[in-house]
Amino acid sequence: MSQNSEDAALFDVLHHVTTDSLATVLIKKGLRNQWVKGPVPLGANFPRTVGRAFTMRFIPVREDVPHAHAKKLPVNRDAVEAMPEGSIAIADARGELGAATFGDIVVYRMVKRGVAGIVTDGAVRDRAGLIASGMPIWSAGITAPPPAARLMLAAWNEPIGCGGVAVYPNDIVVADADGVVILPSGLAREVAELGAEQERLDEWQLEQVKRGVSLPDLAPMKKG
Amino acid sequence: MSQNSEDAALFDVLHHVTTDSLATVLIKKGLRNQWVKGPVPLGANFPRTVGRAFTMRFIPVREDVPHAHAKKLPVNRDAVEAMPEGSIAIADARGELGAATFGDIVVYRMVKRGVAGIVTDGAVRDRAGLIASGMPIWSAGITAPPPAARLMLAAWNEPIGCGGVAVYPNDIVVADADGVVILPSGLAREVAELGAEQERLDEWQLEQVKRGVSLPDLAPMKKG
Amino acid sequence: MSQNSEDAALFDVLHHVTTDSLATVLIKKGLRNQWVKGPVPLGANFPRTVGRAFTMRFIPVREDVPHAHAKKLPVNRDAVEAMPEGSIAIADARGELGAATFGDIVVYRMVKRGVAGIVTDGAVRDRAGLIASGMPIWSAGITAPPPAARLMLAAWNEPIGCGGVAVYPNDIVVADADGVVILPSGLAREVAELGAEQERLDEWQLEQVKRGVSLPDLAPMKKG
Amino acid sequence: MSQNSEDAALFDVLHHVTTDSLATVLIKKGLRNQWVKGPVPLGANFPRTVGRAFTMRFIPVREDVPHAHAKKLPVNRDAVEAMPEGSIAIADARGELGAATFGDIVVYRMVKRGVAGIVTDGAVRDRAGLIASGMPIWSAGITAPPPAARLMLAAWNEPIGCGGVAVYPNDIVVADADGVVILPSGLAREVAELGAEQERLDEWQLEQVKRGVSLPDLAPMKKG
Amino acid sequence: MSQNSEDAALFDVLHHVTTDSLATVLIKKGLRNQWVKGPVPLGANFPRTVGRAFTMRFIPVREDVPHAHAKKLPVNRDAVEAMPEGSIAIADARGELGAATFGDIVVYRMVKRGVAGIVTDGAVRDRAGLIASGMPIWSAGITAPPPAARLMLAAWNEPIGCGGVAVYPNDIVVADADGVVILPSGLAREVAELGAEQERLDEWQLEQVKRGVSLPDLAPMKKG
Amino acid sequence: MSQNSEDAALFDVLHHVTTDSLATVLIKKGLRNQWVKGPVPLGANFPRTVGRAFTMRFIPVREDVPHAHAKKLPVNRDAVEAMPEGSIAIADARGELGAATFGDIVVYRMVKRGVAGIVTDGAVRDRAGLIASGMPIWSAGITAPPPAARLMLAAWNEPIGCGGVAVYPNDIVVADADGVVILPSGLAREVAELGAEQERLDEWQLEQVKRGVSLPDLAPMKKG
C-alpha cells in the first residue's frame, strides 16, 4: 500500500533524527508545544521509536459504570484489538500515577499485534514483565494498581491531550532517550527533512567543537 | 414534555439539598469520588444551581490547527448554540489556569439561551463582566488570556473528567457554596431523595446540638 | 485557677500582637518555621484568636476499619467532647482538600463547649453554617464530602505537623488575618512580651513614615 | 518632561483597556506568555493600575550574609528609595509564600513616594495595614513572616521572571481584576492602540449579544 | 512461637505474589487505597520484600525541642533498637525530601538487628553506603541533609499515613519493583490466598496471549 | 597562583567528604538551607565533583527579544567562553523542565574549556551525547526542546537561587551521588575541615555498628 510505503520512507528518515532536533525544527516552524511532559523511557536501551498515533482517552473511574471494576483487562481490550501494526499507543491518563494504564498481559498482546511502542502520561505496572516483553514504553511512573483503581477508558482515536500536548489520531510520535515529540500529520514530512538537516548541522558543529573551535567562532555549514 | 416535568420535580428537591448531604449520600451508595476538585463560586451570593451536564472537552492548543488562534470566540461558539435551556456547561480544561475557558461575550450569550450555570476546572476571564451577567459560575481561577492562548475545544457532549471526576452528558450537576457534586444520571432520583432525608437528619441533629446535647448523646431521628 | 489566670494575662497581651510581629520575634529567637502554611480565615471579620492547642491527627481512611464510613460524625465526636474551654482545635489533615475535617454540626457543638477557634491544613464544609455558627475558622479549603471520604481521626493531644509546623498539645495558637502562628509553650510569655515591644516599634516607625521620613532615616526607638 | 507626557498619554489609553484585551492583542502579535501567573488583587475594588516596571529580584536567604536576619526592613529599604513616582514595583519572589516580600511600613513609604502599585509572585503581610494604605497590590498570597524568613533582595532594575513571565525594567505593567499583564516597552504604544480597538470590538459584540444575536451571526465591526 | 510460624507461612505465599496482584485483589475486596504513592526501590535488584510494619512518625523539626539539632543519630536510635527481627520500618515523613529519614549508620544497625526492609515517603541519604549495606529500601528521594534539617521523630508503633495510605503497626508490607502495598493485618491471609490465585490467572492468561489468543477470546481459567 | 594552590588544597579535602557530612556540618554552623533541591546525577558513576560556582541566571523567554528564537546556541555561548577552568556552571533555570539549559554541543565546548561540572535546577537534553562527553552533570530532568523554547539567559556571575538555595559567584559547589551542596565562599575552609572530621566520626561509628554495637552504646570518638 502506498500509504505504507510513504510512511516507511518517512519513518526511515525519522529513525535517524533526535527528538531534540525535531523539537528545534518545530519551534522554528511556530509549533512551540510538541514535547510531551512526563513520560520517560521505562528501559535503558530502547531504540528510537516512530509510529502513527493510536490515541486512548482515560477519564476518572466511576463505580456505577458497568464493568468498571470487574476485570484486570477492562474495556481497553477492545482498543488493543483495534490497534494497527506499527502504530504507537498514546494514552491521555490525566497524569494519574495511582493506577496503571498498561500492564503485562495487555502489552504482550500488543507485541503480538505489532504495535511499535507505548506512551502514557500516567503509569504502567508489571515492570519486570513489561521489560521482558521487549515493547518500548515511555511512561510517567510505575504503579501496582490496575486501571480500574482510578481510570476508565472513555474512547480511542479521538484528539487527546497527553503531557500537555495535543495529539490527533495518525499524528507521528517519535520517542527516544530525551522523551517524546509529536509531529502533526500534515507537517511530518517537512519537519522530518528539516530535522535531518538539523542533525547534519549539529554534527558539523560538534565536529568543530571537538577540534577546539569556540562557540562564537563556529563556521556556518554550507547548504546543499 | 414529561422529561422536563420529571426534571423539574427532581431539581426542585435538589435545590433544597446541600452538596454536603449529596456527597455523604453518594459515599454511602459506594460512589466515593463525585466532588469536583478545583472550582469555587466566582461570586459570593450564587444560589444553589442544578442542571443537566452539557460537557465540553478542551485539549492543549496547537498552532497548525486552522483558526486555533484566529478569534476571541473560537469553535466553542458552536458549542454554545447547542446548549439546551436549563443545562449546566461543564468544562474539562485540564486544570489550565493560563487561558480562559469562558469570557463575558460567550457567557452573555449563554444567559440569553437560558443556560443555568457554568463549571470549569480551568479559568474564566472578564471577572466584572461575568458578575454583571448574573450567570452562576464555578471556576478554578481568574485569568486574562483567551482560550486560544493554551486550549482548543475538542468536542462536546462526550464523557469527560472535570476536577478528577467522571462526568457524562446529562448527569446532574449540583453546585453551591461548598463546590460542585456530580450525580450519575441513573442514580439521581434516589440520591436526591436520600439527600433530602439526610438534610432532615442534619437539621434534627443541629437542633439538638443547639439545645446543648453532646455529640455522643444525639438521639437518632425516627424514620417516617 | 492560677494556670487560667496566667493564661488570661498572656492571651490578653497576645490579642494585641499581630502574627507578623510574633513571626518576626520567633525568627530572632531562632525559631524559623512557626507560620502554618495553608490555612486562611474562612470569614472576613474574625478577631485575632488565641488559645492553647488541642491537636487532632488524621490519617488516610481505610475501608476495613470499623465505622470508618458509617456516620457523618465519626470518631471525632469523642475528641470534641474532650476539648477544653478556650482551646483551639488544630488538625493535621495532611493537606487533604477532598474531605472535610470539620462540618457544621460538630462546629456548633464546639461553640457550645467554648472552643475558641479552629485551624486545619485540610478543608471544612457547610460554609454557610460555619459562618453562622460564629466560630473563627482557618482552613486551607472548602469541600463538600465528609471526613470519611478520605480521612480518619487517628488520635488527639499528640504532637502533630500542621501546614509544615510542629504543634505540641498546649502550644499557643495565634490566628489573625495574616494566618496562624504557633508559639512553643515554654517560650510563649517571652515571645508575647517581645511581640508587644515589636508592635510598639512598628507603630513608631509607621508614624515616622507617615510623616514623610525615608526608610534609611528612620530613627531608632528609645527603649523604655 | 516629554517622556512623562508620552507616558501620560499612553497610560491614559491603557486605563481604559482590560488586561483581557491586552492579552488577546499580545497573542495576535506573537507574544503568548505575558500574563503573570499567581498574583491576584489583594483588595476587591482596586482601579486598573498602569505603570513602568521597577523590578526587584529576591533569592533564598542565607544565614551568613551580613544583616540577612537583622531587621524588619532589610536591604529593600534602599530599593524603595530608588523607586520613581508612578512606577509599579514588581518582585520576582520565586513563588515563595512562607515570607513576605512587602509589609505595611515599606508600603506606606512607597505610597509617600508616589509608587503606583505593587506586584509580587510571592506573598505580602500586614493585610489590614496594606488595605488601609490604599496601595493597589497584586500578590500570590498572604503570610506573617518577614522577608528574612526565606528571602533576600539580590538586586533591582534587572530583567526578572515574575509568575513565569519575563519583565524588563521600564516594561509597562497593567493590572486589574483579571490579573497582571506585561507589555514590552518597545511594543507598548502599538499594543495599547490595538487593545483600545479590541475593547470597541468587544463592546460592539456584547451589544449585539445582549440584543439576542447568536454567536455565529455576530456582525463584523466596520473599521474606522 | 506460633505467631512466627504463621507469619512464615504467610510470607512464603506473599513472596510469590506481585504487588500488582495484591492491589487487584484488595480493590475487589473494597480496599481501594493500599498502594503507597512515592517510594520506589533504591536499588535495581531488590527481591520482593515482606514483613510486619514497624511504623515511624516524623513531624517538622522545631529548634527549641531538646536535642533536635544535636546529633546525626537523633531520637530514632531508640526506635531502631525497638524494631523486631523481620519487620519492615515504614516512615511517615510527610513527603519531605529536604532531609533524610534514614542514613547509612542507622541502616547498618538495622541490618544487624535483622530488619527486613525500609519504606519511607521521604528521602534517604548515603546512597552508596545504603546500597552496600544490602538493606532493601523504598524511598521517594535521595538527599544529603540529616533528619534534623527538617524532621523530628515524634513516635513509633502508632497508626500513620505513608504515601497517602493508612498503615497500622503489624500490618503486612509487601514491596517489589512496582512499589509498596499495605495489607491490613486482619485481611492478610485471605488477600494472600486470593493474590496467589490471581497470579495463576495472570499466568494462564499470559500463556494464552503468548500463543496468540486475542484479549476478548481469552478462555476463563477453571477454578480448582 | 596562590589562589589556585589554596583552592587545590581545599578541593583535595572536599573530594573526600560526602555532601552528607557537609550538610550536617553546615546545619551545625547555622546554615540550614544549602542542599540544592531537584538536581540528581545524570550518570551512575560520576566522581564527587568540586569547583567554584560560575552562576547562570535564566528567565522566561520573550518572543520580541532579538535572537531569542534564532539559534540552537543562544547567548549562553558567550557565557561558556567566560567560564574559568575548574569551575562548575550552576544554572538558575527556575525549575523549568520544558526546555534544556544545556545540550551536547555546548557541553563538549565546556569539556574543552576544562569546566569541572554542571548543575541545573532545570533540564538538559541530548542524554546520550552528554554521557559520551564525560562531563559530570546534575540536572532535574531530561528534555528535548532547546533553551529558546522557554528560557533566555539573562546574566551570569550574579547571585542566584538554584533549587531553593542562594548561590553567589565563587561559592564552592560539591556534588555527588546524594546531590549538590553549596559552601559559602568565606566558610568553605572551616566547613571542609569540620566535614573531614565528621567523616572520621562516621567511619568510627560505622565500624562500631558493624561490630554489633547498638546505637545508644556508640562510644564517642576521642578528638585528636
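In this document, chain identifiers A, B, C, D, E and F correspond to the written order of the chains, with residue numbering beginning at 1 in each.
One rule holds in what follows: a contact is a pair of C-beta atoms (placed from the backbone, for glycine too) under 8 Å apart; a residue touches a chain by one contact, two chains touch by 3 or more.
In this text, all values refer to a predicted model and were calculated from it rather than measured experimentally.
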Given chain E and chain F, the chains that contact each of them: A
Most distant chain from chain D by Cα centroid: E
Approximate Å spacing (C-alpha centroids) for the pair chain C, chain F: 40
Distance from the mean Cα position of chain D to that of chain C, given in whole angstrom: 32
Distance from chain E to chain C - Cα centre to Cα centre, in angstrom: 34
Intercentroid distance (Cα basis), chain C paired with chain A, Å: 48
Junction residues of chain B - those touching two or more other chains: 32
Chains touching one another, given as label pairs in label order: A-B, A-E, A-F, B-C, B-D, C-D, C-E, D-F, E-F
Contact set on chain E toward chain C in their complex: 30-33, 59-65, 94, 152, 154-155, 158-161, 164-166, 184, 186-187
Contact set on chain C toward chain D in their complex: 18-20, 22-24, 27-28, 32, 35, 37, 40, 177-179, 181, 198, 202, 205-206, 209-210, 212, 214-216, 218
Complex interface listing, chain E residues touching chain F: 69, 72-73, 77-78, 80-81, 97-98, 100, 103-106, 108-109, 112, 125-129, 142-146, 148-149
